[in-house]
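Pasting the structures here.
Look for chain A in each of the two complexes below; its partner is chain B in the first and chain C in the second.
Right after this comes the complex of A and B.
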């Protein structure tokens, strides 16, 4: 592939938009959480100020090389998903670097960030980090099972592993979305989305009041700033993944913003209603209903 | 172990003793927890940014994003839950609770400090990163308050930690704590919230005061 400066420029601009939209969306969701608790909540610009504050901390301590690399791996996981994810399907400006088979790479990048973070946080040496990592990895392994089954079902249905092709196949109206043509895969995928977006029933990895605060316990200042930036990007691209797979993708930025917001809100809504699961509960939960739905989705299209 | 006073109790927890251990591969190696687990390098003075406009902007961001360490000492910690719940809701003002000292900027000393707690407070304070601020609640931290003649509480907090803002009262109500936070924000925006650098500059004086009070000093002089 030859070097295309215009494409690179659009991709970087897209990353900037996604980062800022992710920060704004996080603020909205925290405000929604606050309103549910009858508080007013943070101002909408608080995530940016927190980010500036964290980057402006003067002193840093390190526990070794992997401690440095942990947040970088995590960030490259989030940015990696972004790079291979088509954002806006019309035209070819916002397709980023999606290609035939990008879905496999996106699945890989989802785990890549977590593994890098596990190594980095492990070197931090804090016992809560180790607990958070073991919980996070075991939970994510079970999340991947229904998610992968849903994706396999879609791949058989549309006969492709290219995300852009899956989105193009869903164009032409509301009833063409995979949500209607493949409801079982959508159900399995959206239940897995609750886990990947990390809100309440499945937030025992961070578990703010129990193991403060899981893997990033030792991370501070710039390290934490990198992790926060990645969190903002990751929330948007995860929502964009589900949007592309099940809800017909986006044809412009307004549609993108509305759909990603609603998909993220789905996990926040569930999180507001249901309390946190323990690790064995959440692991077995993913291996029950979502797994059965995923198997049905695959069998239907075999 | 900088215990020079003969009267002080020598700490001899077997878990912290230097010892030889045989590993799973049959080779023996030395474990010295006091050196392996802690870093005892002295704190450094971190000068503010040399460009005044940049420092002013960063100070504005710091004042708008105060992360409070969830560490309650004494009776004043009961005044913190009303702050973060609907009645007073300090999230509106950019004040958030953080469970780990690494990520916190503000340490609220919420009331009397027993000597046992002071030790934990010092460890937690030293683990916080450089721009860090101490908010002292109640008359106990000013002059001992109703515990002024107690055998195991300290009377004046700023002998041991650099305090940015005192909030008088017994106990100060949440409104008073919010007023204290506003004062702290003013100080930070004026560039006067340099408690961490003050601590680093007068490190020997603070350490001497701390060691005068804490009898079983079983930690390095400075643990980050």
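Right after this comes the complex of A and C.
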């Protein structure tokens, strides 16, 4: 296998862009949330300050090897999705390591981070972590069902499991996007997106008033910095996944930024006006509305 | 039975022993013991709840106080009556004016002082403003326990507007001490009524917004309806008062049942429901918000334009009050708030005892109410009882 230094360089540069865009987008969302709540909100550079502060703190507490590895696994999940996610479809600089079948790997990496985090947080021994993990895994399992059905529907529609090919198939105009050609898959996917992006009413994994703050309870200092970095990357790549699947992908970075912002804002917008479900309510909801939409989407293209 | 409902095997849950107590063997690894508090966002102050869980379900709950004990009642026995003001108000940070009122009224009653008419109206105004600022935190705060933070922030903003009016009237935002034995410290400032009306107009809009945000919200209903249900028989068993009692159909409001100050001259009817779950308890408090805004408007419209605001009192540094005892009550935003005072003819009270609603409404009830609840609902149930731990630790 040839080692492509140019591709590696663009991938690392893309990761840097995604990380910083994720932090900035986080600041924007918190600022918007604050304005809705009649507050001034944070300065736009606050996420960087938080990140530098956390990375500069060292811990004297240990809960064992797995506790250290938890955030690493979590970060691997976010970076893993990024590596196989085409960012900009024009040219081949920003396709990262996208290949035939990358969708399956991306779906796997979505769960991989959570499983790794579960092992690490479990090692921390705090009961809130264990409760958060059991909630997180239960919820994500049910989120994956409608999301997978939506992806299966698109795979049948476009006859490919390559995300880059799915994006290319949507080029040629606004009406070529999956949101018009496959509305049921889009509806199922975007409802599943509410769960994957982790805002209310599906933020019961961290639920500050119930199990503050769930899995990362025992994580602090650099561990928290790693988790924050992953959060920034994950929000962008998750939004990019839905952008590529349903909204025609991006042909330049401006389009990428606008589309990922709007997709992420969808979950923030819903989260602003709804309280959170309990875990069994969340699971039931995903197995009702999005699941039915997902099944219809698959049946339509069989 | 719904297709999605899950049947729980109750045989795995702790059973009652011969003494009637639950048999919980923590070494069996079937149960988890967790503490919520004293530092926990779902707990309403400096107290903790010791929970034993089977899965997500609470099988045993114990409430613990003692994190904030300052011995206020004992301190009052070592202070002159005028010095007692500063101590008594700090028994409840959330609504200190009820403390002011009951302390002043106890002193006046034992000293045989009748306060002027104007002072009665201003005191009623302060008590209603205090109820308003307390409810502006409590009502949206219920949504906050479910993760609906926007309403909480709106409420905090509105509360700040009320605190602005407090600052204008009394000079203080949280602790006011505008009431003093014999009356109040001054008349209303010029233009106060107009500015208060502007604040009330803002709060009118907030009340409608909260109705839309919380009470017409499908997810809020899903979380709050049929959760934390109080049995009507508990009202007398635990001495439940105020909005919590009213949510059960017991129209217990000191302002109506035992009118004080000028409340018999005001037109209002406390709101009641007959089924006390989290939703209805919050709904009762939301209606209390409407009532309170209306009462403030009535007070401002009906109060005399001028008059004495303070009765003659002896030199407060050498004020000896004759031997006696009294119990004075008022209606706080959480329910009946009373003070029992005994004097022995000296310059200081012999004994002071406070009867706050939080212990009865919250701490005692909470232990029974949490059994069978989901861990996710613990904070919400506690907030729905409007517990103020500092008021217990006196």
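Note that in this section the second predicted complex is superposed on the first by the 298 of 302 C-alpha atoms of A that agree within 3 Å, B and C clash if a C-alpha of one lies under 4 Å from a C-alpha of the other, contacts with A are read in each partner's own complex, and residues count from 1 in each chain.
Quick note on the criterion: a contact is a pair of C-beta atoms (placed from the backbone, for glycine too) under 8 Å apart; a residue touches a chain by one contact, two chains touch by 3 or more.
Since this is a predicted model, take the numbers as computed values, not measurements.
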| item | value |
| --- | --- |
| Partner chain in contact with A:200 - chain B first, chain C second, else both or neither | second |
| Touching partner for A:87 - first (chain B), second (chain C), both, neither | neither |
| Touching partner for A:208 - first (chain B), second (chain C), both, neither | both |
| Contacts of A:61 with chain B and chain C, given as first, second, both or neither | first |
| Partner chain(s) touched by A:217 [first = chain B, second = chain C, both, neither] | first |
| Which of chain B and chain C A:268 touches, first, second, both or neither | neither |
| Contacts of A:53 with chain B and chain C, given as first, second, both or neither | first |
| Touching partner for A:276 - first (chain B), second (chain C), both, neither | second |
| Partner chain in contact with A:39 - chain B first, chain C second, else both or neither | both |
| Overlap of the chain B and chain C footprints on chain A, listed as residue numbers | 37-39, 208-209, 212 |
| List of chain A residues in touch with chain C within their complex | 33, 36-39, 127-128, 130-131, 200-201, 203-204, 207-212, 272-281, 284, 287-288 |
| Chain B-facing residues of chain A, complex | 34, 37-43, 46, 49-50, 52-53, 56-61, 208-209, 212-213, 216-221, 224 |
| Chain A-facing residues of chain C, complex | 4, 6, 32, 34, 40-42, 56, 143-150, 152-154, 157, 213, 217, 219-220, 222-223, 374-380 |
| Chain B - residues contacting chain A, complex | 39, 44, 46, 57-58, 61-62, 64-65, 70, 85-86, 89, 91-92, 94, 96, 99-100, 102-103, 105, 129-131, 196, 224 |
